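These are the structures in question, set out in turn.
Presented sequentially are two complexes of subunit A, the first with subunit B as partner and the second with subunit C.
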Partner chain A sequence: MFSILRDLLRFNVEFLVGFVLTALIFLFAAAHFFAPYPDTAIYLLPPDMPPSAEFWLGTTSRGQDVFWQMSAAIWNTMTFGLVVMILSRIVALAVGMLSGYLGGKADQALMTINDTLIALPNIPILLLVYFVMRDQMTWPLLAVTAALLGWNYDARLIRSVTLSLRNREFTRHAVFAGMSVPQVLVRQHLPYVMPVVFFTAMNNLIWAIGLEVTLSVLGFSDVNRPTVGGMIYWANQHQAAVSGIWWWLVFPIVAVVLLFLGLFLLAISINEYIDPRSRLSRMGG
Partner chain B sequence: MQATLKPDVATSSAEPVLRVEDLKAYYQMNYFGVTREVRAVDDITLTIQRNEIYGIAGESSSGKSSLIKTIAGAIRPPLRVVAGSVRFDFGGRTLDVYDDPEAMRAARWRHLSYVMQGSMNVLNPVRRVKHAFHDFAVRHMGLSPSAFRARVEAHLEQIGLDPQVLEAYPHQLSGGMRQRLAIGLATVCEPEFIIADEPTTALDVLVQQDVLALIKDVQMRLGSSIIFVTHDMTVHAAIADRIGIIYAGRLVEEGPTQAMFERPQHPYTAHLIASLPRIGDTTRRQSLPGKPPNLADPPSGCRFHPRCPLAVAKCASESPPLLPRGEGRVACWRAGEVAAA
Partner chain C sequence: MDGFAKYLARRFLQFILVIFLGVSLAFLITHLSPVDPVEQSVSLMTNFGATDPRSVELLRAALSELYGLQGSFFEQYLAFWGRVLHGDFGPSLSSFPTPVMSLIMGALPWTVGLLTLSVLIAWCLGNLLGALAGYFRSNILLKLSGAAVMALHPVPAYIIGLLLLLTFGFVWPVLPISGGAQMNLQPGFSLVFIGSVIQHGLLPALTLVLVGIGSWFISMRSLVSNIVTDDHVVYAELGGVSSATIFSQYVARNALLPQLTGLALSLGNVFGGAVITEFLFNYPGVGRLLIQGIYSGDYSLVLGVTTMSIVAVAVAVFIIDLVYPLIDPRVRLG
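The block that comes next holds the complex of A and B.
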C-alpha cells in the first residue's frame, strides 16, 4: 500500500496535485476542531467585515467568521460525501455481486430495481423526500436517501465483472470444493472486484458532495448546520452578491471547486493506475 | 496421520469405488418454444475399481467432459440427468450423487476431487496460493491452522514444489508449477477418487511427462482411483490401466490398455490407434471420412455407421449393445472383424 502511494506520487503528476490539494483541504477542514467560536452560533462578531488581519476571510452578515465557518462546512460536507459513498458502495457490491453470480430470476429482479432507479431522476426524489420529512430531515437521513439513489450504475458495473468471474475455473473449483455462495463471493470474487469499487467510490464521493451542495444551496437540508451549500444558501438569503459581501460567496465556492478538482485528479490517476497497461506505459515497469 | 484422516475407510474392499448405471444426461434447451435435446451422455454403464486409473478417450464433442461432469455431480442446466445412477463407495459407505446432494457436498474434495479442464486457472489470480489451499481443503481436514499449514507444506514437498510458492501469486509461477499446484490442491485431502479432465492438454510434451509421472506417483502413494479424460491416446498409453472409448455420447469399447492397443475390437478404436505416429514408420495415416455426428440428431442404429468402413445394413437400423468380449466390452455388430479389415 505504502509503495503504491510512493510510486503514484513519484510518477503521476495528476496524483501528486490531487493528493496535495485534497490533503490541504482536509487539513483546513480538520482545523475546525480548534475553532475559537461554536460553528452554529450567530451574531457573535461584527457583521460584514472584509478580509483583514483579524478576520482572515472576513465575516458574514450573520456575524460569523467565514474562515471557521468554512472549515466546519467543508468537514461536514466531506463527512456527508463519505457516508453516502460507503453506504452506496455496500449496496452496490451486494446487489452487483449477487445479481451477477446468482443470475436467473434473482438477477432479473435486482436489475429491474436497478434500472428503474437509473431511469428515475434523483433531485426530484430527494426534494419529495425533503417535503415529506420537513423538520425531521437530518443530514444522516439525507445521506441514507442519497446513498439509496447512488448505487445503481456501479451495481451494473460490478455485476458485469462478477458475470465473467462466475464462469472462471477458480469459481467452479471453489463451488465443487463445497464453498457456499457467500464464501465464494467474499473470498474469491471480492478481491477481484475491489479495484473497480475503489474507483467508483471516488466518483461517487464527488457526486455525493455535488448533491449535498445542490440541495443545501436550495435550502433543502438542515440549514443551521454549516455546510458548503448552506453557506451559499445564507449568503443568497442576505443578498451577499448584491451588497458587496463577495467574501461570503467566493471563498466557499473556491473551496468546493478545489475539493472537486483534487478528488477528480485522484480518481483519474487511480483509474489509470488500476489499468496495468496505462500504468506500465507511464511508469515503465 | 492416515488413521486420523480417514477413520471410515476400510483398507481393502472388493466393492468398486464407482458404479455408473444406465446414465443418461442430456442438454435440454428451449429456445422460443423449440425444444432441443443434445444427448451428450447416452446410456453409459461402467465401474471403476479401487486403485485404478481409468482413461476416457474420444474426439472433441463426443461427450467426454459431460460424462465426467455428470459423474462428479458438477452439472448445471441445461445439462440434466435424465436417467440412471452414479454411486460412489467410499469405504463401505455408498453415496448416490443425485439422491443425496448434501452428503455429496460434504464428501467432495475430501473423498472426491476434481482437476478441471484448464486447471492451470484454478488459482484465483488476485489471491495468494495459500488462500486457495485454505479455502478448498481446511474444512475437510479439521486441523488447527499451524498443523494444516505444516501438512500442506509437506504435501507440496512430496509433489516437488517449494513450500514458498504458498506465498506467491499465481502470475508469479510458471504453467507447469500451476498445474502441479492444481494437482496438489486436488490431492491434499488424500481423496479416494480423483477426476482429471484434460489435466495435461495445455502443457508442452516435457512438462506433460512430468505431470503424468506426478499423477501416477500420487495415485500409487494414496491408492486412489483416477478417472482420466483426454483425447490424447499417447497419454492414455502412458498412464491408464483401463480405457473407455466414447463415441457420440456412448461407450463403444472398454478394456485393459495393453489389450486395447494390441487388439482393438471396435473399428473406431482401431482408427484411433492406427492414427498414432510410430518412430520409423513413414506411411501416411488414414483419416476417418466424415465428421463427428450432431448429438442433437444422432444417426440411427450404431452411431458410428456412417463413417464405419465395416458397416453393414444391420448397423444402420439396430444399435449394438455393449457386450463382454475378450478382456473388455465392446459395442459393435462386427466386433472382432476389425483385425481382418
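The block that comes next holds the complex of A and C.
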C-alpha cells in the first residue's frame, strides 16, 4: 500500500498535485478544532472588515471570521461527502456484486431497477424531500437520501467486473469447496472489485460534495451549521457581491474549486493506475 | 426488423417503468413525511393575522381536498395518478388561482430550449475535442484544451455559474445576468425579442455547456484511445487509408455509440444542473419555478413540477432511445 503511494507520488504528476492539494485543504479544515471562536456564533467580531493582519481573510457581514468559518465549513462539507460516499458504496457493492454473481432473473430484475433509478432526476427528488421535511431536515438525513440516489452508475460498473469473475476457475473451486454466496462474494470476489470501488468512491465523493454545496447554496439545509455552500448562501443573502465584500464570496469559491480539483486529480490518476492500458501508454510516452 | 421491434418494446417498457416508479416515489415522499402539508400551509397563512378558528377549520378542509389528502392511503395514491394523467395539480397557492399546470407549461419552453441547445453543444463539442485528443495524442493545443475542460468538469454548476455571473455581471458588465428576456418587450417572433432571448440565454447556456463538456471529453478520449489500437484501425493504417477517413469513419463513429447511451443516462443529472442555473440567473424556466415554490411553501406547485420533470426527463431519454437504432445498425437488423 505504501509502496504504491510512493510510486504514484514519484511518477505521476497529477497524483502528486492532487495529493498535495487535498492534503493541504484537509489540514486547513482540521485546523478548525483550534479555532479561537465558536463556529456557529454570529456578530462576534466587527462586520465587513477587509483581509488584514488581524483577520487574515476578512470578516463577514454577520461578524464572523472568514478564515475560521471556512475551516469549519470545509470540514463539515467533507464529512458530508465521506458519509454519502461510504453509504452509497455499500449499496452499490451489494447490488452490483449480487447482480453480477447471481445472473439470470435476479440480475435482470436488479438491473431494471437500477436503470430506472438512473433515469430519475436527482435534484428535484432531493428538493422534494427537503420541501416535505423542512426544519426536520438534518444533514445525516440529507446524506442518507443522497446516498440512496447516488449508487446506481457504480453498481453497473461493479456488476460488469463481477460478471467476468463469475466464470473463472477459482469461483468454481470456491463453490465446490462449499462456500456460500456471501462467502464467495466477500472472500473471493471483493479483492478484485475493490480497485473499481476505490475509483468510483473518488467520483462519488466529488458528486456528493457538489450536491451539498448546491443544496446549501440555495439554503436547503441547516444554514446555521457552517458549510461551504452555506457561506455562499449567507453572502448572497447579504448581497456581498453588490456591496463589495468580495472576500466573503471569493475565498469560499476558491477553496471549493481547489478541493474539487485536488479530488478530481486523485480520481483520474487512481483510475489510470488501475487501468493497465493507460499505464502502458504512459510508459511508451 | 424483428430485432428492432423487440428493442422498441423493451425501451418502451423501461420508459413506462421509469414513469411509474418516479411518480410513485414522488407520492411516497410527500405522503410518508412526518410533516403535514396542510398544517404547514395553514401556519404559513395564519402567520399574518386572520386566526378566526372557524375560518382556519374551513381552510384546513379546503386544503386537504386541494392536496388530495382525503380517503385512505390507497385511494389517495389512485387519485394522485388521476391527477398526473389529467395533468391537473390544482391551483397554485403562491399565485392563486392560476393552475399549477399552466405555470409549468409557461415555463417549460424556456427550460426545454435552454437544455436542448446547451446539451447538444456540450455533447458535440466534448465528443469532437475528446475524439481529436484521443486520436492525436501528442498535439499540444489539444492537450491544453483538454486540461482546461477537465479542470472545469468536477466543479458544480452553481460555482461555475456564479463565477460567470461575477465576471460578466460585475467585473466586466457586458451581459444581462437576470431573466429570460428584456422586461418591456412583447413576446413574439420579432427580431428584437429573439435577440434579447439569445442575449439573456448566453450565460445560463454557457454555464451548462462548461459543466457538461468535461465528462464527454474524458470518456470520448479514453474510448478513442482504446479503439485506435484495435485491429481494424491498424489494418486500415497499413492499407494506406488517409488519417482523416480513419478518424471519422473507423474511430469516431464507433466511439459515438456508447456516448449516445451515456447521453440518455446523464439527462437526469443535466436537468438538476439546469434547475440550479435557472435559479442563479433568474431564468424563467421550470427550475426557477420549483425553487420559488419551495421558498413560498407552495405544495401543489412543488409536487407538480417534480412529477412533471420526472416525466419530462423520461420522455427525453425515450426519444434518445428511439434515435439510437438510426446510428447503430446492429439494433436495426437484430
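Here is the rule we go by: the second predicted complex is superposed on the first by the 278 of 285 C-alpha atoms of A that agree within 3 Å, B and C clash if a C-alpha of one lies under 4 Å from a C-alpha of the other, contacts with A are read in each partner's own complex, and residues count from 1 in each chain.
Operating definition for what follows: a residue touches a chain if its C-beta (ideal position, glycine included) is under 8 Å from a C-beta of that chain, and two chains touch if they have at least 3 such contacts.
Being a predicted model, the structure only gives us computed values, none of them experimental.
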Overlay on subunit A: subunit C relative to subunit B, clash or fit: fit
Partner chain in contact with A:Q188 - subunit B first, subunit C second, else both or neither: first
Touched partner set for A:N122, first subunit B, second subunit C, both or neither: second
Contacts of A:G210 with subunit B and subunit C, given as first, second, both or neither: second
Touched partner set for A:T112, first subunit B, second subunit C, both or neither: second
First, second, both or neither for A:A147, with subunit B first and subunit C second: neither
Residues of subunit A touched, compared between subunit B and subunit C (which is higher): C
Touching partner for A:I245 - first (subunit B), second (subunit C), both, neither: neither
Partner chain in contact with A:R134 - subunit B first, subunit C second, else both or neither: second
Which superposed partner A:H173 touches (first subunit B, second subunit C, both, neither): first
Vertex subunit A angle, Cα centres of subunit C and subunit B, expressed to the nearest 10 degrees: 100
Smallest separation of CA atoms, subunit C relative to subunit B, angstrom: 12
Sites on subunit B touched by subunit A in the complex: 72, 74, 105-106, 108-109, 113-114, 116-119, 121-127, 131-132, 135-137, 139-140, 185
Contact set on subunit A toward subunit B in their complex: 168-170, 172-179, 183, 187-188, 191-192
Contact set on subunit C toward subunit A in their complex: 14, 17-18, 21-22, 25-26, 29-30, 33-35, 37, 40, 137, 150-151, 153-159, 162-163, 166, 170, 218, 222, 225-226, 264-265, 267-269, 271-273, 275-276, 279, 290-291, 293-294, 299, 302-303, 305-306, 309-310, 313-314, 317
Residues of subunit A touching subunit C in the complex: 112, 115-125, 127-134, 136, 153, 206, 210-211, 213-214, 217-218, 220, 229, 232, 241-242, 249, 253, 256-257, 260-261, 263-264, 268, 277-278, 281
